[in-house]
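The structures considered in this document are given below.
In the two assemblies presented below, subunit A is common to both, partnered first by subunit B and then by subunit C.
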Partner chain A sequence: MKSLAELQAIREKARQQISVREESDDNIRVLVGMATCGIAAGARPVLTAIMDEISKRGLKNVTVTQTGCIGICQFEPVVEVVAPGENKVTYVKMTAEKAVRMVNDHLVNGNVVSEYTIGANAK
Partner chain B sequence: MQELSLNIMDIAQNSIVAGATLITIHAACHGDRLAVEISDNGKGMSEEQLAHVTDPFFTTRTTRKVGLGVPLFKMQAELTGGMFSIDSQTGIGTHLKAEFVTSHVDMIPLGDLNQTILLLITCNPDLDFVFIHDTDETTFTLDTRELREVLGGEVPLNDPAVTQWIREALEEGESRC
Partner chain C sequence: MFRSNVLVCGGTGCSSSNSEQIINRLKEELEAKGLEKEINVVRTGCFGLCALGPVMVVYPEGAFYSMVTPDDIPEIVEEHLLKGRIVKRLLYQETVSDDDTIHSLTDTPFYKKQVRIALRHCGVINPEIIEEYIALDGYAALGKVLTEMTPEQVIQTIKDSGLRGRGGGGFPTGVKWGLAAQNHADQKYVCCNADEGDPGAFMDRSVLEGDPHSVLEAMAIAGYAIGASQGYIYIRAEYPIAVQRLKIAIKQARELGLLGKDIFGSGFDFDIELRLGAGAFVCGEETSLLASIEGRRGEPKPRPPYPAVKGLFGKPTILNNVETYANIAPIILKGADWFRSIGTERSKGTKVFALGGKIKHTGLVEVPMGTTLREIVEEIGGGVSDGGTFKAAQTGGPSGGCIPARFLDVEIDYDNLIEIGSMMGSGGLIVMDQTTCMVDIAKFFLNFTVDESCGKCTACRVGTKRLLEILEKITSGNGEKGDIERLEELSYYIKENSLCALGQTAPNPVLSTLQYFRDEYVAHVEEHRCPAGACKDLTRYTIITDTCRGCTLCARNCPVGAISGAVKEPHLIDQSKCIKCGVCMEKCKFDAILKG
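Let's look at the complex of A and B:
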């Protein structure tokens, strides 16, 4: 059985580490469309994949939030990436595999995965 | 929707949008009955909104004219011979209950409820969730207020180590019917 003492240990460990969590300007926001349309199209595995990959890579400057329907239901699951000083990037028809590549290429290395964006998919 | 846990995520999303700070999700499996209750302390709905909430062509959004989340959940419960009810009071919150007959041919699986709960908690670290899962043999409860008390204000609920703890705790609770 998981015990609350383990959480206490996590807290102690965090206290010992010097906090590097600065309220920085380079914070990247990732928004995942989680309205009925997004969820029905498969947004949950996409969101899980993004969270897992961010956690695996220990990215501290990324905030992932859920958002409602942004009005392009036919392109769901939709993921938006808002990085300071850059244009917003809208990824469409995402899958868990595409999401992992998006985290690695875009969030880690700063290269937009153009082939997954709405510009490359809207016809 | 392919599984009920996705509907539950969708409904909980409504509570988040309604400004709730505490959302309770209760799944109870007894015999061939599954009851799902979701309550929140959000802004609630007026009588007029409540009267229309199960109408797919009613929504409070101004961007479009359909709202499918609640009607779909209701339909899925009623298709199995179950029932659906929703109460709400402005300024107090909303409570919704759906009952399913799990042996019915039109019953869709509950699915991965753990993933829904984990995502709701880790993507909304400032909100509190209470998750209760009952079966004939066991009762499992996860209350983020308890976790928050132990963690203090220093470690957020979406800290990777905490996320892992929650994931393992949910797996131990095994929330499938």
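Let's look at the complex of A and C:
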């Protein structure tokens, strides 16, 4: 160890690994529907894609959790994004590709991808 | 990225109740489900709630599962980790709110009043991965000290913080460091006392098992402050998990250059070696400990010279306790004022206690100095177990004393405890209820000191043996008038004529129980009666003829066949055969057995 910067670099990298253990109310929660309907419709690759992209982007304040069936099985895979102080956004008929865009546009830049949401798809 | 972290306690308590198997089973199940890349299984140090072990926490939900068995694992993996449904039946009930939602562990009565400084990483990080320690500001204090502070500033900060030695004596740590810094020598040493010997104490073990790097970092800081380049940790060989994790920690710190030459490019060199003790209680005494590190017999030496002047290998040495070191890095990072803001007038910061005995939440707690015994026992500890009533608490192990119920509201700090005839000690806190005989307790601790006296001073070697003999005489029903006075006289004699703290404090359990429970001694000596019913030789079980229905349950369960009587006729206990095990009383459905 030759400098504080070197320690800081290790710290930053390790921090992401354990940030999920901090119980914070400020975290953005991403919920992936993983009931039978969700898994059958392909929720697993969606979940993996979301996690890979978050990892690539180095996002720290995001937790990814699975959830059960919310009753709109025809729209699975369903992904919900719950950010503190904002309305819940429900994305439907997700794919791995759509998930990557959702992470980049919504989680990184704060722009909801309206065309994937339930509002745009349920018409 | 791991979407979920499963933290499983790997402290000694949970390890002995199969947490290792739980971890293996978890890994197998996760692999079978293809989840091993999404879910990180972490073996941590002690969470503190040892009574509920094995315990595990699943993040991000913060679900706290207690008393988990390996057979519960498939359900946890299938339901919680795969489908996202928390397994409610395994949750620690204190974390479940009335509306069936779960709340954080830190909001439970056990944790709410705790302030975790020394235990800050226990149950939070994997102690075998240095990066996890670094992620939570590990080694940042060492970096700050080496790049921004002079040794004098470091010592001043520790002095200002008011930190006092956590091994029991309560000597100001900064002053100790300052003394060693003043003495110039070609070589100085920094030593760590991890020879935790009090029966029922496991604070230091838990810190080393859960957060070994915090001790290594603090020792390096101490080395910089006093001008030492070599450290030794003296740890008992009976702590295999702690030894193993320390070895791993030292190796990892060396690999990253956090121990070794030219740390942080500052020109400061520091390295640490382990020395395993064979488990002699006297080696917790500083001069004996240093002698043992040198490879000599662990026997105390007269002081002065103090180790700060002439210690290990004749060089200036500081010796601090594990818990003391665990407080150093936070003080450096957050400042002396922050540390001073916690605690009482003369005792700053927090203290770790190992709760044991007749208490519901047996385990490890860290509370601010000045917390009352009532808060620790009734709120954090969950009260006396099995519905008993609180009689006394024993602190300070074989060197300490008993605190009776009337002092439950005394604020615990170094000085208050000495005032009421006990001492802080290293932090063992044993709760006793109405079934504990105080003479028997004194006998227990004397038994320990008789075994552990190193034999150097006659007063300690022979005196403690004689003390024990008088106590044995009293508890076997042969006490005679004058025994209590003889106990007192001999106790003061031993205190005055022993060289080290072992002998000087050995009579404390006798003196403090005499101070608060003299009536129990009197009952033993004059009436040959044990008020608590704990001394077997003074206890008799008899059957109340009028109440006995002759159900034969007691006779069938008596292990020595001491009970006789026909069916539906009152039974009788043969006192010459009775071993006073109390099984008859336990089994009787009609309360027909009398103990006394």
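Here, the second predicted complex is superposed on the first by the 97 of 123 C-alpha atoms of A that agree within 3 Å, B and C clash if a C-alpha of one lies under 4 Å from a C-alpha of the other, contacts with A are read in each partner's own complex, and residues count from 1 in each chain.
The working rule: contacts are C-beta pairs under 8 Å (C-beta built on N, C-alpha and C of every residue); 3 or more make two chains touch, one makes a residue touch a chain.
Given the structure is predicted, the values throughout are model-derived calculations rather than measurements.
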Note to self: If we overlay the two complexes on their shared chain A, which of subunit B and subunit C does A:40 touch? Say first, second, both or neither.
What the structure shows: first
Next item on the list: Check whether A:27 is in contact with subunit B, with subunit C, with both or with neither, and answer first, second, both or neither.
Entry: second
Margin query: Output check: A:2 vs subunit B and subunit C. Expected answer is one of first, second, both, neither. What do you get?
Written below: both
Notebook entry, point to check: Given the touch rule stated above, what does A:55 touch, subunit B (first), subunit C (second), both, or neither?
Noted result: both
Check: Should A:64 be classified as contacting the first partner (subunit B), the second (subunit C), both, or neither?
Finding: both
Notebook entry, point to check: Does subunit B (first) or subunit C (second) touch A:17, or do both, or does neither?
Noted result: second
Check: Between subunit B and subunit C, which residues of subunit A are contacted by each of them?
Finding: 1-2, 4, 7, 10-11, 13-15, 34-35, 47-48, 51, 55, 64-66, 68
Check: So in the complex, which bits of subunit B are touching subunit A?
Finding: 1, 6, 9-10, 13, 16-17, 61, 63-64, 67-69, 72, 115-116, 118-119, 122-124, 146-147, 150-152, 154-155, 159-163, 165, 168-169, 172
Margin query: For a test of understanding, state which residues of subunit A touch subunit B in their complex under the given definition.
Written below: 1-2, 4, 6-8, 10-11, 13-15, 34-37, 39-40, 44, 47-48, 51, 55, 58, 64-66, 68-69, 71
Next item on the list: Show which residues of subunit C lie in contact with subunit A when the two form their complex.
Entry: 1-5, 7, 38, 40, 59-62, 82-85, 104, 106, 124-125, 131-132, 134-137, 139-140, 143, 147, 256-258, 262-265
Margin query: Using the touch definition from the top, list the residues of subunit A that touch subunit C in their complex.
Written below: 1-4, 7, 10-11, 13-18, 20-21, 23, 27, 29, 34-35, 47-48, 51-52, 54-55, 63-68
